[in-house]
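Chain naming follows the written order as A, B, C and D, and within any one chain the residues start at number 1.
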Amino acid sequence: MYDWDELLSPYKQAVDELKIKLRSIREQYERTSKHTPIEFVTGRVKPVTSILDKAKRKNIPLEEIDEKMQDLAGVRIMCQFVGDIDTVVDLIRMRTDFEIVEERDYIKNKKNSGYRSYHMVLRYPVQTISGEIQLLVELQIRTLAMNFWATIEHSLQYKYRGEIPSNIEKRLQRAAEAAFRLDEEMSQIRGEVQEAQEIITRNREQ
Amino acid sequence: MYDWDELLSPYKQAVDELKIKLRSIREQYERTSKHTPIEFVTGRVKPVTSILDKAKRKNIPLEEIDEKMQDLAGVRIMCQFVGDIDTVVDLIRMRTDFEIVEERDYIKNKKNSGYRSYHMVLRYPVQTISGEIQLLVELQIRTLAMNFWATIEHSLQYKYRGEIPSNIEKRLQRAAEAAFRLDEEMSQIRGEVQEAQEIITRNREQ
Amino acid sequence: MYDWDELLSPYKQAVDELKIKLRSIREQYERTSKHTPIEFVTGRVKPVTSILDKAKRKNIPLEEIDEKMQDLAGVRIMCQFVGDIDTVVDLIRMRTDFEIVEERDYIKNKKNSGYRSYHMVLRYPVQTISGEIQLLVELQIRTLAMNFWATIEHSLQYKYRGEIPSNIEKRLQRAAEAAFRLDEEMSQIRGEVQEAQEIITRNREQ
Amino acid sequence: MYDWDELLSPYKQAVDELKIKLRSIREQYERTSKHTPIEFVTGRVKPVTSILDKAKRKNIPLEEIDEKMQDLAGVRIMCQFVGDIDTVVDLIRMRTDFEIVEERDYIKNKKNSGYRSYHMVLRYPVQTISGEIQLLVELQIRTLAMNFWATIEHSLQYKYRGEIPSNIEKRLQRAAEAAFRLDEEMSQIRGEVQEAQEIITRNREQ
């Protein structure tokens, strides 16, 4: 039997370390009383059943899982505003504790399903008791509304094994539009809030 | 100087205990593979500056803060669907580890601002090294979309000290409508999902 | 197959709640700058393999495990000084969030093996999504030295399946004596520390 | 006023990251069912009052605190057996996520007070929102018994401001000897345990 625990435990370690590291970004912004671009951070190792499903679907042999499956370790950053996503991407690019091997912008180019999110694949070094190993971690950056919709879509995809009936797919798209609309309205207010803050700051300095 | 630490530390204890307790509801649903009505749970003790602001605004003497301010300890439960809120309210009413002293339904009766949320005030017993004390905890139950909007509104209220300019208020209301719309669309899908699940279950049993 | 997850998950919940609750005792003492009788708190649910071993050894049918096995949920409080144990026992007896159903003092009456510890069995109420259930939790209170020795003895017992060779047992007893000796020496200093503190306090008040 | 929060928050970040990283060593050993050389890991940032005391005592100007005070961030690894300390030191030397800048062996060369512990000073890189910074972290490796005694001694030193009366110092030394004795007895058993394990393994393979 395949020793999943041995394969996956460094990935769990990577996720735990990255959650601690990325959450500290939020704390740093809060400490300096600036608008924090990060609302919260989650992470998970892909469940074994999902790995097997995906390996079968994409025809990946078990020995090549760690090279060919880029989302064994997944970390997700949620933002309040669409505009925060760029700030987060810049912060990630600046770091020296991992290497970025790929970026995919599903916000500028949203998927047909309505899926929006910014993806990065990182090569992250983990220290084990037998030495350093490097492994791939998928980082997803999205707004709360994008995340909300994506969660629902994911469960429906899972349930219908990728073949969502067209009437349900239509409703799902209407929900995607509502989520998009919410992000748009929020972006409008973001501008207001920042303008307002600038006015307040200017008034205070006089 | 007032010893805030002494006043607030049992409230912190109550929040910590309730977070552990309410998060276990989610785990129980997951273990039995049923749709969990709880997405996540957060909690906080009201910061001292906010207590002082509110005490001044509402004319509450410092000695009466613990009786008259019901939200010194606040716990919040977030749900995916509007319909999940009723399930959570029923679960809360069934419990024997605290007493419900008040309920306010701002979903059936939303505030003029657009605020929607279900509020309960609990009387919760905390064990201290000098014996049991009972204190008030405010519990808020809302969807992710309600929460998203409420967070934004809260910061704007804070910034404009309760007097948001009318043009910004209009945008805030449009955002509230977008959030409401998103909840409506999601509720539509919830029905589909549950119907689909029933069909799947029926098919499996044949 | 027996559903261990269903049986044990409320026990896990009880352990999680009690760890949060008992750790707060330490914080309360620290906040008031008094010597804290609690050094740290740990907890665990008994692993399934250990449950099965014990059930076989003690001839307990699976259906009676939850009534007859009092240590499915175990919580442990570690103290710096032997004298702190009495303080902790008093604090436990004072609480109203559980009932004490049994106490065994293996410090006044140490076991032949050298084992010393204060045991209490609690009946603790847990709220589940199907209502309140009450379950037994074993609470062990010991010094750091008692705990250190007990950990070693436990692994040796496990390894030799309860039949430790006599030459190793002798060494284990010498270690138990060294642990006892360390506790005695520490107790001597505890007196000094407290006397010193009283002198300091008296001097300050003059 | 000096902004302690700004100075110390990257140190807090370093401590949080190192606790997660070093605790994973324990998990890796447990997963492979080998004796784990790490019992538990703790960490702390030096409290501001202690920093000020030490700066005064050692005549360190505030601007040079981060270079000259090597224990602003402190991480401690506790081991069951004295022999485990060497294993841990080797694991630390092998890592590539920090640089070791100093090692002091207070076990081979114990202090006059009776203090025993293995110290390492690490240069650890932390990612902040303004870029990478490198800072010093003190790592202490000790047995449970060494730690127990050191904790007591630390509070007495603090209380008597470094001038412990000679009668109390004598008792403290007797306690140090008892702790040393306990470590010796435990080391004896460690040998037995490992021999026993080898016999068991050999028997199993026949």
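Here, contacts are C-beta pairs under 8 Å (C-beta built on N, C-alpha and C of every residue); 3 or more make two chains touch, one makes a residue touch a chain.
Every value quoted in this text rests on a predicted model; they were computed, and no experiment measured them.
**Q** Looking at CA centres, what chain is most distant from chain B?
**A** Comparing chain centres, D lies farthest from chain B.
**Q** Do the two copies chain A and chain D share over half of their interface residue numbers, or under half; same or different?
**A** Shared-number fraction above one half, so same.
**Q** Pick out the pair in A-D, A-B or B-C whose interface repeats that of C-D, meaning over half of the contact pairs match by residue number.
**A** When the contact pairs of C-D are compared with those in A-D, A-B or B-C, A-B matches.
**Q** Please report how many Å separate the Cα centroid of chain A from that of chain B, as a whole number.
**A** The computed centroid separation for chain A versus chain B comes out at 26 Å.
**Q** Distance between chain B and chain D based on Cα centroids, please, to the nearest Å.
**A** 42
**Q** Roughly how far is chain B from chain C, going centre to centre by Cα mean, in whole Å?
**A** 36
**Q** What residues in chain B touch two or more of the other chains?
**A** Expected reply: no residues.
**Q** Hey, which chains are touching each other here?
**A** Here the touching chain pairs work out to A-B, A-D, B-C, C-D.
**Q** Tell me, which parts of chain B touch chain A in their complex?
**A** 80, 144-145, 148, 151-152, 155-156, 159-160, 168, 171-172, 174-175, 178-179, 181-182, 184-186, 188-189, 192-193, 196-197, 200
**Q** Residues of chain A touching chain D in their complex?
**A** Against chain D, the touching part of chain A is residues 5-6, 9, 13, 16-17, 20-21, 24-25, 27-29, 31, 91, 94-97, 125, 127-129, 131-132.
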